[in-house]
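Same chain, two partners: subunit A is paired with subunit B first, then with subunit C.
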Partner chain A sequence: MNRLSQLAINDEGFIFDPVRGESFTVNKTGLLIIKALKEGKSQEEIVRELVSSFNVEEEKARIDLVDFLERLRSLNLI
Partner chain B sequence: MIVGVSGINAFDNPGPGVGVAKSIKEDRELNAKVVGLSYDAMEPGIYMDWIIDKSYILPYPSSGHEAFLERLYYIKNSYGLDFVFPNLDAELPLFMKYQQELESAGIKTFLPSLEQFKLRGKDRLEEVASKIGFESPKSQVVTSYEELHKAVERLGLPVMVKGVFYKAYKANSLPEAVSYYNKIVAEWGYPVILQSVVYGEEMNVVGAGDGEGNSLGMVGIKKLWITELGKIWTGVTVRNEKMLSGAESFIREFGWRGPFELECIVDTKEDKVYLIEINPRFPAWSYFSTGVGVNIAANILRKAFGMSTKDFNDYEAGKLYIRFTDDLITDMSKFQKILVRGED
Partner chain C sequence: MKLEYEKPVITRIETGLMNKFGSSPLYARKIRKDIDGVSIEKLVEDYGSPLFVISERKLRENYKRLFNAFSSRYPNVQFGWSYKTNYLQAVCAVLHQEGALAEVVSKFEYEKARKLGMEGHQIIFNGPYKPFEALETAVSEGAVINIDHFDEIFELEKVAEKLGKQVKVGIRLNMDTGIYPQWSRFGFNVESGQAMDAVKRIAGGNKLVLNGLHCHIGTFILEPDAYAKEVKKMVEFAYEVEDKFGYSIEYIDIGGGFPSKSKLKGTYLSPDVLIPSVDEFAEKITQALYESLRPGDFPKLILEAGRAIIDEAEYLITSIVAVKRLPDGRRAYVADAGVNLLFTAFWYKFNIELVQEVSGANEPSVIYGPLCMNIDIIDEGSLLPPLEKGMQLVFSPVGAYNNTQWMQFIEYRPNIVMVMEDGSVELVREKEDLSDIERREKLPEKLKLK
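== the complex of A and B ==
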């Protein structure tokens, strides 16, 4: 079950899962990714956003995104 | 109205009483006075005069129902007592058995029937869980080493070793299970319950039923930090729909009357809710629900006295509960009076 839509997220990167009562913190990169996922953006769109927002190479952004998605999967959030 | 509240022992193993008393006071329309019903002159609630207006020492329920009821009638006649919230496990059978007598003496209660009360037995967990869409861990009641060995063999390791009312340990080996078994027997007596381990988030629901299948309010929480006695010190409200709808089924299916707490383990990956325990009374943290706008104790009083009840449809998830210790300095006279006169 995709629970991203249920997460409460604030601009400082604090995330609360109301179903499990768990909270997480993410950095600016993580926050951008989570917000983009909530908005239904594709991985390609997110990579482009990462590149333009954080001035990183596309390949690096793609690797970071895949890592982060894996982490969300392991937490059962996506 | 004058409302009696027991379990005002607000110490390391806190009773629910002070939280219930605070909830009653917060519903201004009730204009209630709270009578503290205590068993020891040192129960802190006695001294919290901004919450509890008058306190009495009661005889232990185990000393017999006559002395106990006499004491309640004395309070009724001398100060007034229109309703009692018994908040301790040991009191409940007596209050349930004599609720008609109390009612005819002008003291209302709002409790489950003895038949409903029996549902809390750990031997009935499976039956209750399956009727409300929950799962239940496999469990076995043991009263001897032989039974313990057989139970460990059947349930596998690790295994939970639990007292009937208190204490739960996770044993990773047979010798460990034997040692916890001995510990529980020495402290709480027989029987001991062995339960297979289930994994997930520990969550609880506090709620109340009106006895006609309707909810008088409920709130789901997750314990974030507990004491060595397993008492909540920090918690957070959660909205786990499966758990909440199960609690609603519990009220509807069994026509539950009065407050209750369901202790659950929620496996969010498999979307399963395991029922671990049913407590037929308020939990020690019941003020948490009042704090997020769901005043269950006040709603029970409203129902019991034919006032309009409040419809609590929602509460906010992500509200924090913080318990803290405090100091109170008072005169010796209060202690003297409660000790000598049994009331103050």
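== the complex of A and C ==
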């Protein structure tokens, strides 16, 4: 089961995982991505959201998203 | 209005771990935009990446600081520049201008010093292998020669015979100064009586005249007392030799091995705390001299500092060429400089500075070099903010041993520049191309492909 759906997330980027008792912090872009993933959005949709909310080029957003997903995988969050 | 972008970062909050340094390790970072006022971006634009950068100002300052520490305490001090630490002509020339002799440990280094313009009498010839013809040249040119082993005594006697003159020589001693490992493979051992046997042999042959003692107790020595013990034993030995054999010991060469502010892997404290100051070394050494020397006797004190003079005067600029994520979650970077250029990465943890401001929290990172070898790691475990391809990092201190022990393995060696005291930049070693590597190769006719 997707652990993301269980996470408690506040607007300041503090994340709590009630199942394992772990806490995380994310920055604003990371927060946008995690919220979007929780809502089940696709990678392309997330890239579009990043580009519309932040001052970033699409290609860079896409590269960073891939890296961030790798990081979430290493933390066993996805 | 769009928000300012920051690379997305997630960090696990580790509770219960203490951070004794106070500042947040997640956002602490070191930025260096210039070296002696010359912009690093401009240096990379003009000379490429990777790039070694030497500071003439820092080099001269370090030399003066070290020399003054000793010369202000003892009236007869001479420095020998340890060529093996960094024998770039520009580096040697700066230090010779400052007054250092050339301390060489091979025929190659001897030839290098001579070509640079040093006279024979301005060269100290050490090392475990000095071929007969090199000894012959050194003797006829008047170099200071420190003998490493009995076979060299015999060789030098042959040289003296051939040239028809008595030759002044020094011998290298090894001894217990409390430093581990004891460097017993070089020279003659004092405690076992081997060194005195060597003097007897020299006196018996009557072709050589002993006029100096040399020793080098190790490298990156963090204990000033070890030098005090060395000096005491050397002076005692000198007087024993003078009294028994009638020789006059004109110099006591205590070698080098003084540490730089580099961080040895496995040490916990920062070098600023761990490394004793130059003055502490100088104080212990000169104090030991005054305690051991007879009144009015001031033999020449020779020091062969290398690392302590050059290490902090050189930097390596390297660029990130790829960003990766390792299976264990750590961030990894591939840089265009690896252990091929930073040979000392095996022992030292370098100071790493960013050239550009980077936003985002730090993560434990690994920096790999460009070599297709698993051991090519130039830093592991440093906390770095999210870097991007094309960004530069500055590694320091890298002046000692990297420009002499670097490897030509699958990559060319890069440009080396010196930022001069007036702020100008001089290319002191041009980057290699294929012709440098293949110049000595011969391809047999029948193997030619076209």
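The rule is short, and it goes like this: the second predicted complex is superposed on the first by the 77 of 78 C-alpha atoms of A that agree within 3 Å, B and C clash if a C-alpha of one lies under 4 Å from a C-alpha of the other, contacts with A are read in each partner's own complex, and residues count from 1 in each chain.
Note that a contact is a pair of C-beta atoms (placed from the backbone, for glycine too) under 8 Å apart; a residue touches a chain by one contact, two chains touch by 3 or more.
The model shown is predicted, which means the values in this text are computed figures rather than measured ones.
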item	value
Fit or clash - subunit C, subunit B, common subunit A	fit
First (subunit B), second (subunit C), both or neither touched by A:F54	second
Subunit A residues touched by each partner, larger count belonging to subunit B or subunit C	C
Touching partner for A:D67 - first (subunit B), second (subunit C), both, neither	second
Which of subunit B and subunit C A:Q43 touches, first, second, both or neither	neither
Subunit B versus subunit C as contact partner of A:A8, first or second or both or neither	first
Superposed arrangement, angle subtended at the Cα centre of subunit A by subunit B and subunit C, nearest 10 degrees	90
Touching partner for A:T25 - first (subunit B), second (subunit C), both, neither	second
Smallest separation of CA atoms, subunit C relative to subunit B, angstrom	5
Where subunit A meets both subunit C and subunit B, residue numbers	22-23
Of subunit B, residues touching subunit A in the complex	201, 203, 221-222, 224, 236-241, 266, 268-269, 271, 317-318
For the subunit A and subunit C complex, residues of the former touching the latter	15, 22-30, 32-34, 50, 52-56, 60-61, 64-65, 67-68, 70-72, 74-75, 77
Subunit B partner contacts - residues on subunit A that touch it in the complex	1, 3, 8, 16, 18-23, 76
Sites on subunit C touched by subunit A in the complex	2-13, 15, 323, 325, 327-329, 360-361
